[in-house]
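See the structures that follow.
Okay, so chain A shows up in both of these, paired with chain B first and chain C after.
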Partner chain A sequence: MNKLSLVLKKIFRVYPLQIFKDPLYLVIGIASIYIIIFLYLPIIVSITKILAQGISVDIVMSSLPVLWRSFVIALISTAISIAIAIPISYSLSFYLKDKEKIIVSVLIIAPYWVGTLLKMYSLAYLLLILENITNQRILYTETSLYLGMIYNYTPLAIIPIYLAMERIDRIYIDSARILGAKTLDLIFRVVLPISYPGLISGFVLVFTGSLGEMIVPQVLLGSPRYMLGQWIYELTFTFRRFGDASLLSLLYLILTLVVLGYVSRRNGAREIIL
Partner chain B sequence: MLFNWLRGVGRYLELEDIWKIYGDQVILKNINIGVEKGEFFVLIGPSGSGKTTLLKIIAGLEEPSKGFVKLNSAVINDYPPHKRNLGVLFQRPALFPHMNVYENIAFGLKLRGWSRQDIDRRVKEMLETVRLDPSKYLYRTPEKLSGGEQQRVALARALAPDPDILLLDEPLSHLDYLLRKEMIYELKRLHRELRKTFFYITHDQWEGMMLADRIAVIYKGSIQQIGSPKEIYERPANLFVASFVGDNNLFETRVVNGKLYVPDLEIFVDPGDELDEYNEFSNKQIYIFIRPEKIQIKKYEVDGEGKGLCGYVVDKIYTGSLSYLRVKVNSAEILVRDAEEKYMLNEKVCISLPENLTMVVE
Partner chain C sequence: MKRIGRFLALLIISIYLVFLYSPIIINILGSFSPRKYIIDLSTPTLHWFIEAFSNKDVIASSTNSIKLSIVSSLISSLTGFLVGYAYVMRRPRGFIDVMIYVPIIIPEIIEAFTLAIFYITLRVEMGFTTVLLGHLTFNIAYAFVIIRSRIDLIPREIINVARVLGANDLYILLRIVLPLALPAILSSIFLTFALSFDDLIKTLFTSGPGFKTLPVLIWSKVGRGGITPEINAITTIILLISLSISLVLTYIIRKDLEKLS
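Presenting the complex of A and B:
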């Protein structure tokens, strides 16, 4: 808070035109306005909503199964996403030439430019076709939910892991290979331990995203109250219980922060945020 | 191959007609080197001459465009690095940052499936070999070691799996002068004690001269000369070797009336037998070069023989163990070893050239 007031002082004490001369003030100003409006204001609003209504233990207790289910689903799909991301990032980083790397990484990020809803409906359509071929129920099962989560979040896991692997000095790889490391030894004994910060930040990105996911279960599972995000959505837009919805979102925020805090305390926060 | 072996021709490590071409860039051309078992072989050359590429080809990290790498008379071109049983010490220590000293040295041993006790014993043994106290260093992390210590641990790590050949890629270039000197003696001692084949790469000619049993000089991707340090120093094969290894005074010459004329010094010199093949009309250039320590120097005397080359001292170079003078004679500046250290700047001195001049024809 002290720093913030210092920054504000700096901004307001200078002559207004100075702001346009020194882009630093402009950047700091926009950034702090952005943070206040889009990050802290909603939280403050939700807290006032909770305070206005009073904390109800009932809604928390009745939401615990949903919370637990979301937690487990997020954990499993994150683990699978990272398991898929590791070999992809490895081959991307170690087998491709620089030009190819650019093309392939754009191809990996490209689906992220398409809206989740659209992607999920396309996936649902594909799964329907698959159902017709295999004569097995796939859509509207947990399998389809996991497929959707992994499809949606794997690129997000690939990016930090790939970047961490890119940063590994190739001299370690050469040393390890000469000392007798085959490809698997290389991955598990050298590449993964050194790119560990990337793995952790991939984990945090994917996990926090999938924990609050709403669109994927809505489209691919059908069941309206399966995951936390859906439940909050229902409370807000169907039942109009804003206070309860705020309480649950705050709970979700705290859960995320706890996981983040745990992970970053164990691994050194600085490396993970980068 | 069998024939070679029967004749006893095959060396321990053989490079046969190695070429490396990237696109239209020729990095290495026609490299032929044979290294004896137990030899300390040094490859010297300026940076960008393809030394490191050659080392990577030997280690299996890169493939030659053409040619064979043979170890013990067997072609090992297709062997991946982990099957070649080599040790490498790179320019930087490259200790794995997520492992401590023990784990770093044990890395190669674990991959070879050694038992826990064997690994423990070997790691301690290797630390003692590189003169680090196991009780102090065993569980330190690489970032808590100094540059020299890191390089020692890297050496222990490379030697631990008992490699057939140790490849060293300018391992001392990142160390400061004192450490470098210490490590040079250390490497010599290790080579003597372990009786392994060392293949050492450097751009530093003094390092190479001090360490080598035999030296190969490489320039622009091709080998210029292979020989003992003495041969390289005293009988360089060409102009590049003559100027790259050691200090040298180099003069262009012309053939005039069957004698060799040095325009810079304005003297004729005795060509020896070598001149027979070349005459005024040959388009080959003949150079002579003279090592500074081969030149005699004395005070100028008015009544002296008057025949010698006389000039002024224009510069004094003092390196501690040796000192040098630059003497300007006619239009040339000649580097002379000053054993007596009694000459002053701008003093008039006379020098006499050695009788046997070394010549290079290009």
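Presenting the complex of A and C:
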């Protein structure tokens, strides 16, 4: 008994015991353990599923078109979202008064907190109404799919680009103007090169997010198994192929972490959220 | 020149805001229209709301949603507050990156899928608790981000003075930090409530057959031919709640951040 308490004392004297002595560290420790159990452990468990359940060649082969489609759709929607986000961020940052900036940026960010399903349902409803007015097929086409992707993801591109533009020292703009730069020159040769980090984080956020999309294709295209997110869901709950689904989500996770790791070294994590 | 620029800028922004808000506004208006798929507000009606909420499934899943979001928002905001305070006082290295940044930033579908596999492996019966535990991971992260930035605004002198005068950590927490951080805690409660209430993907993966929330119910009905005035009525209510919460609170948070910088 004595020996045990000695051993315990020895173990607990070392640094980790600070956690138990200091309630503040204890709080941080408990929260961390929670996140580890419910975020990191599941990821590890699903990786072990790849080995335990095995991968079927058939399913991997039939995943390829889904992966390719998701990749193309994500790339195109990201490009369009960035192309829309640039003029909006530029207008917002360089032409609006401070008070207007707050109001507009709140209006742009607020829908981000509203669930994707609700926004996509609303968009589908709007398109249906437009269909009735114009007598043209819009809903359940590629167009409506891209409209949905752009609707959902453009705010995520605007936020980092706008914040990067806000950080540009206005002296550069004034000197470029004095030296005779036209607005387009100013945008392409001064503003965009300086706000490059913002463009990259916008690109990464939109691309990684849209790649695994599940709600947008389901609601606006009306076809299941079209993009990666839907396919993972189907594999899990319809086919119960946990190994294959784990493999796909692991690849997706690695891609996301690699790209995001690259970005987060440049920008704070913070600006992405608020 | 400058005036034309400003005019163009305002035009671009207005067009975008119209694009962003017209689906939401049309959906809300449409739920009061007596005719299907045509917005005719000459005789607005509550018919679709009554129709929608006389359905047993809708009532059951609304109750589930409300319960889930209240519990999840209260737990996560309390945790976010305690952890935010502990973080500001101790600043452990790497904590934010690994424990807060990752849950927010990795795609929700990965979190949802791996958690489902985790539950399936453990043979846990899925229901309210499994969904709640899943929601807490992202809600704690958001609550932490919101509340910590407010605690950071509290001048350190106040805390130091209190400490010199003999206050311990608990006293400082309850009598100084809590009142000063209260606006952020309230914001966090509302925002995490909205996040939980609107969440589909994580709920769908971790809820099992017995437990349905409102978004899961809507999800099971949308798809081709799934747009009905009843669902408009349901989504209108959720949209009105979550959009007003997020508009008011992002404004408050923005104002706070303004002060910070």
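We adopt the following convention: the second predicted complex is superposed on the first by the 215 of 274 C-alpha atoms of A that agree within 3 Å, B and C clash if a C-alpha of one lies under 4 Å from a C-alpha of the other, contacts with A are read in each partner's own complex, and residues count from 1 in each chain.
In this section, contacts are C-beta pairs under 8 Å (C-beta built on N, C-alpha and C of every residue); 3 or more make two chains touch, one makes a residue touch a chain.
These figures come from a predicted structure and were not determined experimentally.
By the touch criterion stated above, A:178 is placed in contact with chain B alone, chain C being left untouched. When the two complexes are overlaid on their common chain A, residue A:43 makes contact with chain C while staying clear of chain B. More residues of chain A are in touch with C than with the other of chain B and chain C. Touch criterion not met for A:165: it reaches neither chain B nor chain C. Legend: residue contacts after superposition of the two complexes on their common chain; A:193 is shown touching chain B, with no touch to chain C. Of the two partner chains placed by the overlay, neither chain B nor chain C lies in contact with A:247. When the two complexes are laid over each other on chain A, chain A has no residue in contact with both chain B and chain C. Against chain A, in their complex, chain C makes its touches with residues 5-6, 8-10, 12-13, 16-17, 19-24, 26-27, 30, 37-39, 79, 82-83, 85-87, 89-90, 92, 95-107, 109-111, 113-118, 120-121, 133-134, 136-137, 140-142, 145-146, 149, 169-170, 191, 194-195, 197-201, 204-205, 215, 218-219, 222-224, 227, 231-232, 235, 238-239, 242-243, 245-247, 250-251, 253-255, 257-258. Put simply, chain B touches chain A in their complex at residues 56, 59-61, 80-82, 84, 86-88, 90, 92, 94, 96-98, 107-108, 111-112, 157-158, 161. On chain A, the positions that touch chain B within their shared complex are 169, 171-172, 174-182, 185, 189-190, 193-194, 196. Those residues of chain A whose C-beta lies close enough to touch chain C in the complex are 22-25, 27-28, 31-32, 34-35, 38-39, 41-43, 45-46, 49, 84, 87-88, 90-92, 94-96, 102, 104-119, 121-126, 128-129, 132, 140, 151, 154-155, 183, 208-209, 211-212, 214-215, 218-219, 222, 224, 228-229, 232-233, 236, 242, 245-246, 249, 252-253, 256-257, 260, 264, 269-270, 272-274.
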